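Taking it in order: structure first as structure tokens, then the write-up.
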């Protein structure tokens, strides 16, 4: 039992799988001696050797492409993309190959790889370092897109992702990396993929979020409790494939839903959840489904970063507005 | 006045702008002597010279990156990506630069460029040639994403896109390239961007679509008329920025909406429209908002392509199902 | 060799006509333990490496099952996005090295592909880690309508290897013996830890880029005719006949044999039924997630009568 | 030169210490008509090309307004996604050529950037079209924690030019005169239609990669100390003093002058108020589409009190 940050949890999960399965190989930029720019791989090269924790040249398409060749040969590559803002050169490999190698060969070859990338804003990082484009990945058939929001879920979901037989994009909310510590048992127990986690039961309204925004969402739920509003809070965790069952079941009880994400609003993943509610949950909705999201702007540099990021104020306002319908 | 295919219309619009503005330069793979693999640029190099209709080396990131440098210098580059399936290497340049050059420099530099790409299925093309990933582009702040569905709109919207001071992703439904002919006046008259076109007025239900699916949608509307259902049909045309006003106004009248697109269902652009209805139109909805879309699978090779593509049967079934709510 | 070569030729589609020597030379130099990462034009290498003519036909006939090879289990499917396969090969080669296996990865691409970042990134990686990779750049002088001269100012494609610090060489791509020899040596070197090599077989694309293309729009008959004279099959036949290693009778017999083999494959291909609609969900994931079960069921329900 | 060089040095952040000669040499060789495409480390080139210290501070202080240069109107903003700026430079160079302007584009990148496809694609394009581009690969031996030796097996970064068929050369990046001379000649050549050149200034990154980095994790003090001796500023000063072209008094006077200049810029920067929240919508498009007007208004309504 240890008090771990999300970053520690990622490090422990990686170490656990490196120790458990010799097919697991880590690759990425500056992950070796340097232990990664956030130290997620700190100490792993010392412990497992430069043959298994590999520094690559500066080339993201290469990193993604190599993981495909490695995975097809039965390795379990876990690649780090230093920041999500630099994952785009790898998208071609992800869309056209990693996600469909199994389909394209009718199961002869598969691609059990994990691409890890820190994402999201709030740490005053330079330009291009703070975006959240998870919905682009959620649109790619054959992929899994997993987003932990706490140390415990980071540990359990990363283990599950590495063991998963298909490609996983594992997005780490860097604002949470060192935000809080949590008791995590390093016992190699994975958490289930493809399911939402209801982290706070409630009867009046359903708040749905993932990643770093879970924290503002939970704070908002606390505040609303003070105003006598009982919020149920759901952490989607795996956004693709999406567990709508859990969300629908909740909304059928509460009749109200607010979806919160940091990504830009238009075509953000909140839209997919709201669309499913409009199709399968409409008859149980008492109020409009409100999305509290980043604005449809380029992520501003850090002086105005807080302006872009949805905060508890905006979430609470949306909850009150939604509760006002009777 | 001439009877033009969508392909002819694109060719005329390009020729018109090349003649009208010497800053317009076309670049892409095989667009010169060869006139493009679909012949969209047929004859243009002969007419305007190899200096203005430029064959590039085989490198999509280069093509996108060059258009940024050209546009910042005041040219009006119109680049062709041979198929949308090959646009992904250019995404980094589109997301991290083209869409935000104006923002990043507070308006000092801008990026008036157009990236044209044929997209969609239904022509028995090889692997990777038939996908529709427009929603990924709709998620990028600072971009415009324009999709014509007819020769007339291809002509007018392409003119508008080339003249637009900001970057435009212009997606051409290749299934429609030679599907039909239409009277188009080659008079240099642009059509407005950022607005939907109501192509069929109706009072019972609103059908929303874009690109090639407009044709199945209109056929479905015809069929439904036979069953006494009066469908209003809207061609979104510019999916980003989205003209929700037109769609909302219509749905407020009809109380019912079916959204049709060829792209994969999850996080497809239909979700954004349905989400807006769930937030701003909920109170006028009599029935669930149904999305008729491609399945959440990799686009199959051509033997099963028709299975993936939404057809009039599926659209009609959705309309009947929606009309069943009273 | 000639048998395979001719089989290769006739097995491949017209669009690789003129490049048979390069293809068969490479395919025969590869061992069963080596892994191929081809484009859409390397039918001859596939055949020489154990992929069947029927499988190739089934794939190009529009059914993914064609890429589910009975032999050549590790060979990659056709890579249509240009040059992407080069980095896959680097990854596989990394795996061979990691497991201390004496195997080589063989990424094959064209002259046009050398302009793409992925080609260079994969090449550079092979240099950095001294990977068991033999890069084949089949220079057929054209990338659809773009001639080699407009693809790069680099004197030879072989010289691109310098940028990655690995050896590069050209070989007469219409001489099957030379191609076989150079690739055999490079593969031996790679398998035994000697590192990567880039080889540029110089050949010519005799046909249109694909059946969808019309090369007359951009290249002259003169150029084409010059290359007709260099046909690698004629060339080998002439040589073997001169050596008395081959006779017209054998040649006719072979043609008959090949004709029969093709007819069998074509029949097998034509007899392959299209897959059931719902199978588009089969191989999406190892096990289909609940989230998509409904879609698969609805498709199963529609069954054969599906009109979308 | 030394004045600018020192200004350059003190104006830039510590993280480009050791590279001042390369930066100032390049910046001074460039004419006002030439266009710069830099990374996050080229403060010295920016300054030498007319960008103000205040603007640089405002940008790194977290305000896009810093990239809205008063001078150097055409220079590109800092390019953080590695090597992407190389293709922008090719595009601008294409525009210069298209308009028959005697101007050159100067993409600047590091040794690490050479591994990225965009670097190579841009280089290859410059070769194909003989573009007026002078590629600066500032080889400071490190890409964060990756040493030059692990970035590529290519003997020199200058040799990467061979793959694009353009001339490439190395220059002592700690010798401001040599850097200035080589870039001036290459720029003249480019402007006058002579085509592109790649120049690799050899220098060293004396500090951590950035303030967020701790280089002690991956590089030795020995290595660092060896390079201390080669400090380009000390070196130039020693030389000028020996030539009696410079004196200690002048040197002290200069330090005072620079100190003052810095204090002014720092004050200007600190006096620059943060922009109003709603301005994040200002430059998204030339005119904000109706679709986003509501979002901008709600932000205007929230005004300064915004807590998200």
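Read from first to last, the chains carry the letters A, B, C and D; within each, the first residue is number 1.
The criterion applied here is as follows: a contact is a pair of C-beta atoms (placed from the backbone, for glycine too) under 8 Å apart; a residue touches a chain by one contact, two chains touch by 3 or more.
Keep in mind that this is a model prediction, so the values were computed, not measured.
Trainee: Can you list every chain in contact with both chain A and chain C?
Mentor: Chains in contact with chain A as well as chain C: B, D.
Trainee: For chain A, which other chain has the most distant CA centre?
Mentor: C
Trainee: So the centre of each chain is just the mean of its C-alpha atoms; given that, what is the distance between chain B and chain D in Å?
Mentor: Result: the chain centres lie 39 Å from each other.
Trainee: Could you put a whole-Å number on the gap between the CA centroids of chain A and chain D?
Mentor: 35
Trainee: So the centre of each chain is just the mean of its C-alpha atoms; given that, what is the distance between chain A and chain B in Å?
Mentor: Result: the chain centres lie 30 Å from each other.
Trainee: At which residue positions does chain B touch at least two other chains?
Mentor: In chain B, the residues touching two or more other chains are 57, 59, 61-62, 85, 88-89, 92, 96, 103-104, 127-128, 141-142, 241-242, 296-298.
Trainee: Got the chain C residues that touch at least 2 other chains?
Mentor: Expected reply: 64, 81, 115-118, 121, 124, 128, 150-152, 284, 291-292.
Trainee: Using the definition of touching given at the top, classify the network of chains in this structure as line, ring, star, complete or other.
Mentor: Contact pattern: complete, every chain touching every other.
Trainee: Could you please specify the touching residues of chain C with respect to chain B in the complex?
Mentor: 40, 59, 61-64, 78, 80-83, 112-113, 115-118, 143-146, 150-152, 212-213, 217-218, 274-275, 277, 279-281, 284, 291-292, 295, 299, 306-308
Trainee: For the complex, which residues does chain B have touching chain A?
Mentor: These residues of chain B touch chain A: 61, 85, 88-89, 91-92, 95-96, 99-100, 103-104, 127-128, 133, 135-136, 138-139, 141-142, 240-242, 263-264, 266-272, 274-275, 277-280, 282-283, 285, 287-291, 296-298.
Trainee: Across the complex, what residues on chain C touch chain A?
Mentor: Of all residues in chain C, those touching chain A are 35, 37, 64-65, 67-69, 73-74, 76-77, 79, 81, 84, 86-96, 98, 105, 117-118, 121-122, 124-125, 128, 282-286, 289-292.
Trainee: Where on chain A is chain C touching in the complex?
Mentor: These residues of chain A touch chain C: 25, 51, 56-57, 59, 61-62, 64-75, 77, 89, 92-93, 96-97, 101-110, 141-142, 165-166, 194, 241-245.
Trainee: Hey, which residues of chain D end up touching chain C in the complex?
Mentor: 115-118, 120-121, 124, 127-128, 130, 150-155, 159-160, 162-166
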